[in-house]
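After this come two complexes, each holding chain A, first together with chain B and then together with chain C.
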Partner chain A sequence: MFEVMNAGLETAIQDYPGRVGYWNQGFPPSGPMDHWSFRLANVLVGNEPGDAALECQFTGPELRFHEDTVVAVTGGDMQPHIDGEPIELWRSYAVKAGQTLKLSYAKTGARGYIAVAGAIRTEPWLGSRATFHKAGVGGFEGRAIQAGQQIPTGDASGGTPDMVVIPEARPELPSDKRWEIEVVAGPNDDWLDEAGVRTFLEADWKLSAKSDRTGYRLEGPGDRLTFADKAINKRPEHGSEPSNIIDQGYPNGAINLAGLTPIILVKDGPSMGGFINPFTVPTSGFWKLGQVRPGEVIRFRAISVDEAQRLAREMTRICSRESLRPA
Partner chain B sequence: MAEHTVEAQLPGVFYRRPSPEAEPFVAEGDTVTADDTVGLIELMKSYHEIKAGVAGTVKSFLVDNEGDVDPGQGLVVIESN
Partner chain C sequence: MIYEEPRFLPGGDRYMLIEFGDEMNLELNFRGQDLANVVAEQKTKGVLETAPCFASTLIHYDPELISFADLKKEMASLIEGLRPADDIELPSRLFYFPTVYLDPWTKECVEDYIAKIAKKTPDPEYVAELNGLSGVDQLVRVHSGTEYWVASLGFWPGLPFTMPLDPRCRLVAPKYNPPRTWTPKGSVGMGGMSTAIYPEHLPGGYQVFGRTPVPIWDTEKRFPVFENSICLFRPGDRIRFVPCSIEEFEHVEAQVADGSYQYNLVEYQKFSVAQYKEWVAGIDETQRF
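== the complex of A and B ==
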């Protein structure tokens, strides 16, 4: 068990791949935005890669441990300290009962991950401990953690202190505020014309501050997007604007064209609606959405579904004990 | 008298006013207490208050209204009492 001394900014319990299997009933998967860093945090402390751990957003929490355990912090650099002493990211540490782990604001990236040996053991809901704030389910009491809460954890005796993630297995954050993020075509890429697709893929899109775990709003040349004939001359049930389509299911990661504003539908996003999704961010590119900050620039790179799946398999291989060595 | 720079701890958009029609929280030359709000940072569809941190006089703003900010960036200079 650990106690929340200070919650940070919307710090929440997540697991991976989250609440899968209820999309048809409107429940999103939730789970960590940066599943690469998340899984490695778990692996470092001896947990399974998908076990429940904490996702910290922009400003991390302060926790006090009530038993001897092992912790690791990964992802963006939230300047973690144990009892006032700085610790390294991508490394597991033994902590004693009574010690505190304190994170500050993210100097790099946007999200940090804290894994604890034995993993967080709150009550699962529909098969997952992932927090879905909007519906108030999962996690601890259905929302971000709060100061004063006691968070249950499992048996820490299998914890693996003093391990590090080899540098080649760590995600690399750009130093120039520019991100190249993989996308796959579809489901509605054919609603843009050729020039529209080119504009979409060649533009700089700036991440808006009006972005959260539901959707990432992008600022850019949306008004220059051009549409295929089927988007313009269509049956009335599709709606009047070129980006309107009769209500359809949305893939998680879909880049939703709401009018002329692209919004990437992320981990707590909607399951359906009446806008087109010309491109989708696949699992393999998704971790980057967890680390890009408002004001930073995204450029999309189209890859095939086969390539996206190959990259996702590669990432799963990396998120394992293969990537650890003793410190 | 010492100069104190209020720094952003969050990335996002800096606002000097509580709403577009409202007066700015503070202007150059105003006196503030440590607990006074000097601006907002918008992040994750929420607005986070920025406190002066020290009592003194507002000397200058280092970021325009609705400017993008990054953690560690200076926002407001306050000449402390």
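== the complex of A and C ==
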């Protein structure tokens, strides 16, 4: 068990891949935005990669441990300290009962991850401990953790202190605030014409501050996107705007063209709706959405389904004990 | 149009969208729902979950267990074996929803959007005009004059995507550009030819012109109708919006708050697609209410 001394900006319990199996009722997966850093945090302390751990946004929490355990911090650099002494990211540390782990603001990236040996053991909701903030379900009492809460954890005896993630297995954050993010064409890419596809892929898109865990709004040349004939001459039940389609299931990670504003549907995003999704961010590109900050620039790079699946497989291999060595 | 061959479209590395056609009708909706049901019954290897809607089914799969190409083959063969819609008879519940049309709450929401985000004709006037109605009063008559078929749940937990069963009540409308950042809980609105109820205070893209005080999802399961699921509706249910006054709305709202509200529904009745089609064939679709 650990106690929340200070919650940070928005720190929440997540697991991976989250709440899968309820898309037909409208429940999103939730779970960590940067699944790469999240999984490695767990692996470092001896947990399974998908076990429940903490996701911190922009400013991290302060936690006090009630028993001896092992912790690790990964992701964006939130300058972690144990009892006032700075510790390294991407490394596991033994902590004693009574010690505190304190994170500060993110010097790089947007999200930090804290894993604790034995993992967080709150009551699962619909099969997952992931927090779905807006609906007030999952996690601890359905929302971000709060100061004063006691968060239950599992048996820490299998914890693995003093391990590090080898440098080549760590995600690399750009130093110039420009991101290249993989996308796969579809499901509705043929609603744009060739010029529209080119405009989309060649543009600089800025992440809007009006973004949250349901959707990432992009600012850019949305009003210059051009459409194929099927988007214009179509049956009335689609709705008359070019981006309107008969309501359909949305892939998580889809880039939804809502009117002329692209919105990337992220972890707490909608399962269905009536706008086209010309592109989808696959697993291998999705982790970057956890670290890009509002105001930073995204360019999309189209890859094939096969390539996206190969990259995801490679990432799963990286997010394992293979990537650790003793400190 | 109903496609001769369904279209199998990729969504990233883990999704496949199967489109059966590009119109809104019961037959296509049954294709989508039936495929999802068959996949669930057969526990198709590698399929994690599905999301059927009006004319399509989205499949979430694990590419480590089944490739896109094999999933496509598997789905094509399951689709071959689906029953013809004309044979379908299913139990269907009918829910009555007290609804204040042209209510002050959605009006305020639309005015806020117009002031802060984009100029537009207020939603009820806009939908009435687009559909050649004499005004907002006729919009209320036409919109409340039919049962709505719950084709699927999605967007938000429990939100029903529905279509009008009476062809005389078909209305169409574009979706917002850009979408709203908020919509009052319980708002009733439409986009394309679909009508929905917003389960919570949420962003949205439908034209809104009514509001109901009756909850359609409940994580605390305060009412018996939520015994088996925290979402009220199931695909195949029907909804009727019953125009009511603000006083009635407030009365129901108070009953919901103190737990005494009784959901107004007709339990399972048999719904026959063949009979429905026969009824539709006898109707002059050009007539409005």
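A few remarks follow.
The rule is simple: the second predicted complex is superposed on the first by the 327 of 327 C-alpha atoms of A that agree within 3 Å, B and C clash if a C-alpha of one lies under 4 Å from a C-alpha of the other, contacts with A are read in each partner's own complex, and residues count from 1 in each chain.
Everything below uses one rule, namely that contacts are C-beta pairs under 8 Å (C-beta built on N, C-alpha and C of every residue); 3 or more make two chains touch, one makes a residue touch a chain.
Keep in mind it's a predicted model, so treat the numbers as computed, not measured.
The superposition on chain A brings chain B alongside chain C with room for both.
Of the two partner chains placed by the overlay, only chain B lies in contact with A:106; chain C stays clear of it.
Of the two partner chains, both chain B and chain C are touched by A:210. Look at A:309: by the touch rule set out above, it reaches chain C but stays clear of chain B.
Here the vertex is the CA centre of chain A, and the angle it makes with the centres of chain B and chain C is 100 degrees, a multiple of 10. In the superposition on chain A, A:253 contacts chain C only, with no contact to chain B.
Of the two partner chains placed by superposition, A:154 touches none, neither chain B nor chain C.
Contacts of A:174 after superposition on the shared chain: neither chain B nor chain C is touched. In the overlay built on the shared chain, the residue A:137 is in contact with chain C alone; chain B does not reach it. Looking at the superposition, the partner that touches the larger set of chain A residues, chain B or chain C, turns out to be C. Following the chain A superposition, chain B and chain C show a smallest Cα-Cα distance of 10 angstrom.
Looking at chain A, you'll find residues 210 touch chain B in one structure and chain C in the other. Against chain B, the residues of chain A that register as touching in their complex are 9-10, 57-59, 105-107, 110, 209-213, 293-295. Listed in rising order, the residues of chain A touching chain C in the complex are 20-27, 134-137, 142, 184-188, 210, 214-215, 234-241, 243-254, 258-261, 270-275, 277, 280-284, 305, 308-309, 311-313. Taken together, the chain B residues at the contact with chain A in this complex read 9-13, 42-45, 48, 68-72. Only residues 9-15, 17, 19, 22-24, 36, 48-58, 60, 63-64, 68, 152-159, 161, 172-179, 181, 191-194, 200, 203, 205, 219, 229, 231 of chain C touch chain A when the two sit together in their complex.
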